[in-house]
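Consider the two complexes below, in which chain A is the common component and chain B and chain C are the respective partners.
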Partner chain A sequence: MIRSLLISATLAATLAVATPALAANRLIVPNVSVAVAKSAMMVTADREWNKLGARPGPLAESWTLDGDVLNRLSFYGGLINGATLFREVDRKNRPLPKVRADMLPTDIPALFEQSYRIAENSGLFSVDSIEPASIGGASGVRFTYSFSKQGEDVARKGEAVAAMVGGKLWLISFEAPTLHYFDAGITSARAIMASVRLPAK
Partner chain B sequence: MRRITSFARRALLATTLVATAAAGQTAPPIPAWGGALQPQDRDERGLWMMSSDDEAVLKDSRFLITDKPLNDYVRGVLCRTVGAERCGAVRLYIMRVPAFNASMSPNGMMQLWSGALLRMRTEAELAAVLGHEFAHYERRHSLAGFKQARAATDAAIWASFIPIAGLALSLGALQGFFLYNQAQEKEADLNGFSFVMQGGYRTGAFADVWERLIAEEDAGRVARGQKARGGRRSGFFATHPASAERMTYLRALARQAGDTADASTASHRAGLGPWYARFLDDQLKLNDFGGTEWLLADFARTEGWTGALLAARGDLYRLRGQAGDMAQAAGFYREALAKGHDDPETRRGLGLALLRQGQQAEGQAMLKAYLDLRPDANDAAMLRMMAGLPPKTATGPTT
Partner chain C sequence: MIRILVAAAIAVMGLASAALPAAAQEVARVRDGVKIVPGQTRIMIIQPNIKVGSMSTGGLFEPNAEWTATARGLIDGQVRQQLGTMGVKLAETPAGDEAGAAIASQYRALFPVVAKAVMEFQFFLGNRLPTKKRPGVFDYTLGKDIARMPGAADADYALFLFSEDAYGSAGRKAAQLLMAGLFGVAIAPGVHVGYAGLVDLKTGDLVWLNADPQMGGDVREADGAVKRVGQLLANFPGTAPAPAATAK
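Coming up: the complex of A and B.
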């Protein structure tokens, strides 16, 4: 545990990325269904997670196991036409791409990629696979991706499930450094993805 | 003989450029090269140490492009521009960052970002950017200015014109960036100009770069509902020469110099090789519709609307996805196919644009055509379903 903490601390320091600590983090207890992303999306965790106080966007929420630079599970709850995945980082000069109600399954990873390239400075971002999947009973898409953030140079991997339901985007993504953390967290992340329940249209 | 030629060329440069009074500027003769710079005092040694730290990070960066042909091409242009001796002092790092920037640190580390390579139309323009950066280095501008700076970069100058560049002012450990003052920028422009001339490149390339940066920035701004600035003031600080002013004096210098040399357009595109398409793809994903639309039109001015450019334009419209965009995108993809553009991705783009418009049968047929060409595409499983085909494997898709 101490060793793991040490590794976490060292990595965090190396990455020089501070966790925004504006709002308090909260413990997510296992086996209890909770509403996420200020929406009617319900998920159940199979182990303890920490809910981060800082949200990526108004209708989004992130959880972590060891700290958000080491593993991050994010929920986006019912983004409507014209919404952005993240809060705008520079609306005037670098606006984020907008959700469109008529997006096809393949448009979701494209929107995701563009948003990361802009908001996360992920000039090296690739969508590695896209396949059909169901999310909360809705027919949607599962995609995997890999990326690095500029100025950080850590190889990261991610996996997400998403669907357009009634013109709204629902999405859950898990990402972590390729080295150790992705494999360590993906099983629990997939279990949470499988537990999701979406509101009826 | 070489010595005489070189001397004669310098003398010619001096006489040609002495009286460029049009904008009150002259490009100085190139001084004798005293060898790679070495730090001379405590401040400079400190600056070098920090630069070395940055360079160590850069060397291992995942953003570093190590492709030999691309590096050979850029280094070749640099060496032709500043001469073999000076070129030997430079360690070149080409970085995969979709923004216009180039920089040179006091220890001889030169960075060139892929967004700059994409925007250069000619070898001569590349020579202008590289010559300008080398001049900052040779004139020790980084030391003469703010000493807390970690790297001498023109980020604020080059990049403030391209909105997307705001994302990319630092790379690796290069957290700080250096702002040269107005006099230093002019000096680097003028010294760089002399290098471009020495290299036998079209000197008007310098002004061309500025002119197009201004136009691209304005196109991006207008598309985002803002007013065009026309390069009247520099993006970051009013203390820097406005791009319009720089364009004017560089254009005047070029006229004075005769400006008949070769711009080497074709060789630049050849030098980029397969990277051109990759850098263009990076640009398309920046959601800078106006700027990118302008860039594509600018490329088309040089090479015509090729199938590749039409397909890229289709992608641009499809990615934006506003009302009417899908019909436009489908039109561009069709034009690309009509021109014999054989990249299978064009069929994928067309199929998706048609499906988004509700043209189910035609869209599915196009996706099937794509899957015939790319059965192992990384999104084949998804596209098969969208095309109305059964899952390919017995195990079927993940659910």
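Coming up: the complex of A and C.
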């Protein structure tokens, strides 16, 4: 018990020191092309959004209208072979699936689903549709999904477009509670997905 | 190991919240232009979302059905009594058919998510969204389809209440004393959160939210429930001079 508490105290002190200051949220103004997810991916918004200071992964970025629990538009910019969508939550027991440079577009929804099941601890996750789509001129997929978060009774829906370009994964996803928020945000999200420009191979 | 990490995380959260300046958290806000007239405006009480349980040494929530049932009865009675004292006109809350009950339960589930977004992205100044910083902006909604909820046609506003209490187990209390005494590390003794919101039944707009993060009153006791409901209904619009925004 004492040993556990000692470890706990050490961890608490370490985390308190190591936790970085919360990065500021920033305004995304409409009709201006911006680079996202620390990458060469460029998108243009049709309305105001908020860029969250907190990133879901090292090469990712999220925008929201009202707060990420109500609407979240995420960009994953050029994930290379071996990269994960999110930061590892339990690398030893539940490692996140890794991007492979030779993935086909149709492999992407399964990678996305498995990543959500682990990182969001979402047991109720389903990919509802997959269809071919163009993303920034590249051949890719558009897929829809639904899930709920642990400890919540709210049903959520999502829609994403993704492609492999030059062996790297490029993905944009939008998700929100099914009730009101998905329909309220999807039009702008689709406009942003349609505006994307990806770097040449 | 996971339990230890949870305890460590809670300790860090305890330290972090203790270190926040008092002015960093807004606790209540009223949407501009809201007119609630005591005795006239009809308010429908949505079945409160109440959870009571204990918190283990490692920080895991363990629900307690008996405590929850007791708290539900006490809080429900107090809400009606205190609103009655304020002169608020209560509308009937029909049970409705199965489809109607399903719609109501969806909104009961959505309300805490909207409330959390308000607390995290508007009330918490350090994380406020740029679009929510503008003067007078309090723009959150549950959607206009809320008008489909049973009873919505016969009321003006719906009152949503959420209350969650996790009382520290004996083991947790011992660990709290030990950690404080030996290392000066704070472990939160339990979790006591609650918030109340008023939603326009025509537009779905959230017109008032009260979310004091420091909820008091033991909801398992009659006296405690009086205090808790008093806190939940503090600054209820239209019943007392309610400022556009109150900061703690």
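Keep this in mind: the second predicted complex is superposed on the first by the 180 of 201 C-alpha atoms of A that agree within 3 Å, B and C clash if a C-alpha of one lies under 4 Å from a C-alpha of the other, contacts with A are read in each partner's own complex, and residues count from 1 in each chain.
One rule holds for everything that comes next: contacts are C-beta pairs under 8 Å (C-beta built on N, C-alpha and C of every residue); 3 or more make two chains touch, one makes a residue touch a chain.
Treat the numbers as computed from the prediction; the structure is a model and nothing was measured.
Asker: Using the touch definition from the top, say if A:67 reaches chain B (first), chain C (second), both or neither.
Answerer: In the superposition, A:67 touches chain C alone.
Asker: Now for A:191: first (chain B), second (chain C), both, or neither, which partner does it touch?
Answerer: neither
Asker: On the A-aligned overlay, A:153 touches which partner chain: chain B = first, chain C = second, or both, or neither?
Answerer: A:153 sits against chain B and chain C alike.
Asker: Between chain B and chain C, whom does A:40 touch in the aligned arrangement: first, second, both, or neither?
Answerer: After superposition on chain A, A:40 lies in contact with neither partner.
Asker: One more residue to check, A:106. First (chain B), second (chain C), both or neither?
Answerer: first
Asker: Should A:48 be classified as contacting the first partner (chain B), the second (chain C), both, or neither?
Answerer: second
Asker: Using the touch definition from the top, say if A:179 reaches chain B (first), chain C (second), both or neither.
Answerer: second
Asker: I'd like to check the shared interface: which positions of chain A are touched by both chain B and chain C across the two complexes?
Answerer: Overlap of chain B and chain C footprints on chain A: residues 153, 155.
Asker: Could you pull out which chain A residues touch chain C in their complex?
Answerer: The touching residues are 4-5, 7-9, 11-13, 15-16, 19, 22, 25-27, 48-50, 53, 64-67, 69-70, 152-155, 177, 179-181, 184.
Asker: Using the touch rule from the top, collect the residues of chain A that touch chain B in their complex.
Answerer: Contact set of chain A toward chain B: 90, 92-98, 100, 102-107, 110, 113-114, 117-118, 121, 123-124, 127-134, 141-142, 148, 150-151, 153, 155.
Asker: Under the stated contact criterion, what part of chain B meets chain A in this complex?
Answerer: Touch residues, chain B against chain A: 57, 60-63, 96-98, 163-164, 166-168, 170-173, 175, 224, 226, 282, 285-288, 319-322, 352, 355-356, 378-379, 381-383, 385-386, 397-399.
Asker: Tell me, which parts of chain C touch chain A in their complex?
Answerer: It comes out as residues 4-5, 7-9, 11-12, 15-16, 105-110, 112-114, 116-118, 120-121, 126-132, 139-143, 145, 175, 178-179, 182-183, 185, 204.
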